[in-house]
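Chain lettering (A, B, C and D) follows the sequence in which the chains are written, and residue indices restart at 1 in each chain.
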Amino acid sequence: MNFSSDIFHAYVFPILFAVIIVLLLPLLAGYIVLLERKVMADMQARLGPMRVGPHGLLQPIADAVKLLIKEDIIPESADKTIFWLAPVLSVTAAMLAYAAIPFGPVFQIADLNIGLLFILGISAMGIYGIVLGGWASNSHYSLLGALRSAAQLVSYETAGGLALISVLLVGGSLSMRSLVEAQERGGFWFIFLVPVGFFIYLVASIAETNRAPFDLPEAESELVAGYMTEYSGFRWALYFLGEYANMIVVAAIATTLFLGGWLRPLASFQAHLPGTSIELLDLVPALLFLGVAGYCFSLTRKQPVKIQEAVMALFGFICLALAGVLALPLIPRFAGLMPGIHGAFWFLAKVVAYLYVFLWLRFTFPRYRFDQLMRLGWHFLIPLSLVNVLGVGVAVVLHQQAGWGLGAALMVTTVATLLVAAWLAVADERHATAPASMAGGE
Amino acid sequence: MVPASHYFLLSLALFIVGVIGVLTRRNVIIILMSIELILNAVNINLMAFARLLGSVNGQIFAIFVITDAAAEAAVGLGIIIAYFRNRETLLADEMDLLKW
Amino acid sequence: MTPYFLDHIWLIPLFPLAGALVMLLFGRRLANSIVSVICVGSVFVSFVYAVGAFFQLLEKPAGERVFERVLFQWVPAGAYHTASGALGNFVADWGLLLDPLSGVMILIVTGVGFLIHFYSIGYMGHEGGYYRFFGYMNLFMFAMLTLVLANNLLLMFVGWEGVGLCSYLLIGFYFKRKSAADAGKKAFIVNRIGDAGFLLGIFLISATLGTLNFSQFPAALQAGHFEVGAPVMTAIALLLFVGATGKSAQIPLYVWLPDAMEGPTPVSALIHAATMVTAGVYMVTRTNAIYQLSPYAMEVVAVIGAATAIFAATMGLVQNDIKKVLAYSTISQLGYMFLACGVGAFAAGIFHLMTHAFFKALLFLGAGSVIHAMGGEQDMLKMGGLSKHIHITWATKVLAALAIAGVPPLAGFFSKDDILSKTFEHSRGLWFIGWVTAGLTAFYMFRLVFLTFHGVERIHPDTKAHIHESPWTMTGPLIVLAGLSVVGGWIGTPEALGGSNRFEKFLHPVIATRPETGIEAAGAASRGTEYLLMAVSILIALAGIWLAWEMYLKHIQWPHHVARRFHGLYELVFHKYYVDEIYDALFVNRTKDLGIFLGEFDSSVIDGLGVDGAGWLTRFTSSVSIWWDTWIVDGSVRLGSRLVWLFSYPVRMVQTGLVQSYMLLIVVGLVGFLGYYWFLYHR
Amino acid sequence: MAAGTTLLFYFFAALAVLSAIFVVTARNAVHSAIFLITALLATAGIYLQLQAEFLFAVQIILYVGGIMVLFIFVIMLVNLDVAMRQEQFNRQWLAASLIALALGAQLLFAFWLVRHQGGVLSHAPAAAAALQPNTELVAQGLFRDYVLPFEIASILLLVAMIGAVVMAKRRI
């Protein structure tokens, strides 16, 4: 940690922000669930939750209340302490990770100079939540699910970590902030420089968060609910929270490392509003929320019940307020707030987009078999990521020693890596008939 | 400021505890874990010296120690699995085949 | 440029050898027909070559009718000093010598041999071991031809032994029959005795003359200046004659021949009548140059020959086995031949050899045909009246009997008369013996004929059922031989009967009687005595025939009267003068006793004292060393191990095999060292 | 602030030692594994407090995230409810602990001596900035001065991996 003399910056602000995050996270998770259900319904041509609140906008709160007031069952033969400890562990691990995530240039608890490693390590501890929970509940379903997820996480962490390393090679730092700044300086988001790395990390992150199509640890058809079988009520909610928090974390990492963090898209695009010094693109956030607010108001009238109308209107006003907040920096007097507010906006936008990809994949792909999963991890992703790291390293060397343009060198190596990827895929197909060699815990 | 010797006392304590664990426990897995404890004690020592002398070498050696620990854990656990598959036991004092 | 057949004379013995090799190597897989074609064919081819060679020899002028061909050097030269001090050069070539003598012999051997082979096709047709029989026969032909054609004594000895071997093999052809096997052994052993003498003779010759080549004998004798009656010559002659007696069944070594009748009849015909047994006569004739130098040896030869002749004849009188009779007659006829040689009438001996080969082969083959007809029956007392059934056999048999009895103008008459006249010149006593023998011969021959073919049938009914004439393969040779026994003698008709004794003249270059031996003098006798002798011999022959007629056709009970009257004598003769028993008592059993004694000595002294003693000694010493090993060596070792065990006790306690205890020891050691260090530090 | 770090150290130290003792004494292997994790985390905190951020991260990622997962994995694979009912300490436990304590006493004595004679322990610690920027320094040391040991260590890891696979696999 770099020690700052300023007491506020050293203690007060981070603690405050941390409290905010801890408080907001459950809500966020709840609404992500709602989003998920809505998207699913949309993709499956239905409406999804519509009852609780207008368009089910209050559904998450209802769910939370239901979970909190449910009876909390502990199996007789369970290992009480660990049974109690496990969900807390997973949530703690997930939340700790937020300490190093930069929600914009301002909103960051601590800019560790090993931030990325810190996040990786902390999120790696999430495994214990799952494994110990599965073991402690002393049930076969749980144990198998736990072992599965442990194996899955361990194997995909490798691939994901290597993918991140390929980015670090380009970025040349471990601190999240300086990585974003590197992208700013370079003018290119790393997704364009290391696309292979991004792809690998996408797959790996899906697997790490036990999301479909890699949600084997909680494959209903095989293991009821996996490691969460014996859990109910509040503990289950904690697991749930931890899972979604993890999703946000990986999304945030992806955003920071590949998608340019808080940077505005087309940062180099300069088009001023006539007569002012306001760039057109900076208007986009405010206008977006204005639009949403208008949509809400337009829907208000259609609501069947008064209370519904009220809630709808409330949401409209919230959006309006947000639009105001986002528009605030446009006023020259408050231009100083611009990076913080807009950075946060763009960051969250990117996170949500990434999460949308998660949902999209979930509803698109069927579930993998376990040996298929392991084969994909060990026979395809890990070798590919190794080759990718090698290629990026070569490119960097070419850039620094031979004076190539970084983009050009990376393009060459990326093409080479893609060729290797194709070869790997073919080889894996040929190998597919053989039984999976790394069958994990079974 | 923490006096340097306290780090060493800490590492000494961990070391002794680990040694006791290695010497007294019957469960092989716990013996392995105690060995990990010992290694950590060593690492703390290295760190402390690195801090004391302001040289990073200690940390590098700590990295090597961790590498060694990883290798040892992998092989040791592999041996334990193989042994358990054959003998259905994990008790160290039932593994006396070293005699022959 | 030598004529073809002379040039290829070496092929004559080679054809039968090839046949023999084929038979003995893969005869087992060959069909009988192929076997007969190969073997008989090979003999026939060599017969053709023999005839060719003989006539090409005749084309030469009488002076140099000698053809010698050396195929290769067999035993390389070795120089040594003869007894007379001359430098001898010992060489034994594989060389063939063709002169009138061997020419006649190869004609007889191959001709008669071919006929008998041909006959065997029919006779042996139903026997097992067909290929074996013919293989041995061909081997015999090879050996015999080698013997006859050899140009030196050593090669001759090879053939000599070869025919002995074949005779042994063929006598024991039915080796499942113990009597046959014993007979074979007997023949072999007895022949060994003779061969020992022969071998010694050969040594003595090479030591004396320094050569073994017949063609070099005269020269060597000239060089040696041996006067008549030189003792060394006598010794040589007698030794060679021992060999001859063995091979040609003369007293005292004749005992094997009667037993040799155990072999198949063709064998008896070929080996024990026509060819092999006459090898002795041939050998004596071949070495006549030496004999002529020792009148004493000649005397011995003559006496033994005469004695054998009459002796065997008397034994032949009372035999009932048809082949035994023929065997004894063979012995007595051989006696005749030796008598001739002994009195210096070598040519007469060879002449009789030839005629005898004809009619004796015929007799045997006829007997074989009879036996064939009777289904294996050989006892004449169980025959009789066969003339009605097997005419050809009967006719040829009668002819042969007349021939051997010496009735003119058949072959036997001329040769026997020739011998008798020569003997008469030499000594009256020997002539008388020969004369009586002639009568006996006629008597027992016709006794055989009458008992077999005439008179009342004493045939067992069920054998009578299948009496039949033999196939043409057997009768054919009979007829041919009959013709030969009729005309065979005419080539030797004496001057007295208007002939010119061409045979003797033909053989003369080989048998060069030397003036100083005084044998030449006996050559010419006055015509008067010759006619007288002829008449007398014809007379006694007819008398013998008449007596047989009287005794065995008219008054059948006479023989029994005679036997009862002269009982002791009859018994004596019937048991062949107990010669076999005497030999057994004198030699065989003594030999057995010696063997037993030696066995006793071996088991008691050598085994008992030597081997067992050594064993006991070894056991004793080993037991001592065992004691030492167990109590001292092992004891010390065990003591050492006990000590180690004792002292290692604490260490063993430490070695538990438990990792943790080892680790504990390590820590203990660490503590100890540190403590020691602090201890040092404080001082 | 210095007080804070000091406090942190003693907190972490106490945590580490206590959980280490629990690791050794716990009856259930899973529990001792969890305590070991705690101890490792506390150690990691001490690393952090010793200006070794990289090692802190490595400790967490490798030890906590890797090795310990392996341990727990194995513990779950081999069922231990049997082992839990068995005697946990072997026959030599008393002697062993005494000997170990003796060793500890001797080492304490050694420390005391070294300090007493003003050995390295009594020096003032180097400047805090000496180890910054930590990651870069470590990287330079690792890839420049100690590149050969580094490669050897990688070989060691490879060998260990192969060996583990070969041993744990039912049929190769």
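Going forward, a residue touches a chain if its C-beta (ideal position, glycine included) is under 8 Å from a C-beta of that chain, and two chains touch if they have at least 3 such contacts.
What you see is a predicted model; the values in this text were computed from it and never measured.
Legend note: the chain whose CA centroid lies nearest the centroid of all displayed protein CA atoms is B. Comparing chain pairs B-C and B-D, the larger number of C-beta contacts belongs to B-D. Centre-to-centre separation between subunit B and subunit C, using Cα means, comes to 105 Å. Averaged Cα coordinates give subunit A a centre that lies 36 Å from the centre of subunit B. Note: centroid distance subunit B to subunit D, computed from Cα atoms, is 7 Å.
Between the CA-based centres of subunit A and subunit C the separation comes to 121 Å, rounded to the whole angstrom.
Of all residues in subunit C, those that touch two or more other chains are 658, 660, 664, 667.
Listed for subunit D are residues 54, 58, 66, 73, 77, 90, 92, 96, 99-100, 103, 134, each touching two or more other chains. Counting partners per residue, subunit A has no residue that reaches two or more other chains. Taken chain by chain, the contacts fit none of the simple shapes, being neither an open path, a ring, a star, nor a full set of pairwise contacts. Across the assembly, chains come into contact as A-D, B-C, B-D, C-D.
Taken together, the subunit C residues at the contact with subunit B in this complex read 655-660, 662-664, 667. The touching residues of subunit D, when paired with subunit B in their complex, are 2, 5-6, 9, 13, 16-17, 20-21, 23-24, 26, 29, 32-33, 36, 39-40, 43, 46-47, 49-52, 54-55, 58-59, 62-63, 66-67, 70-71, 73-75, 77-78, 80, 83, 86-93, 96-97, 99-101, 103-104, 107-108, 111, 115, 120-121, 123, 125-127, 130-131, 134, 137-138, 141-142, 145-146, 149, 153, 156-157, 159-161, 163-168, 170.
The residues of subunit A lying in touch with subunit D in their complex are 1, 3, 79, 81-82, 85, 112-114, 117-118, 120-122, 124-125, 127-128, 131-132, 135, 143, 146-147, 150-151, 154, 157, 161, 174, 441. By the touch rule above, subunit D contacts subunit C in their complex via residues 90, 92, 95-96, 99-100, 102-103, 106, 109-110. The part of subunit B that touches subunit C in the complex is made up of residues 19, 22-24, 31, 92-93, 95-100.
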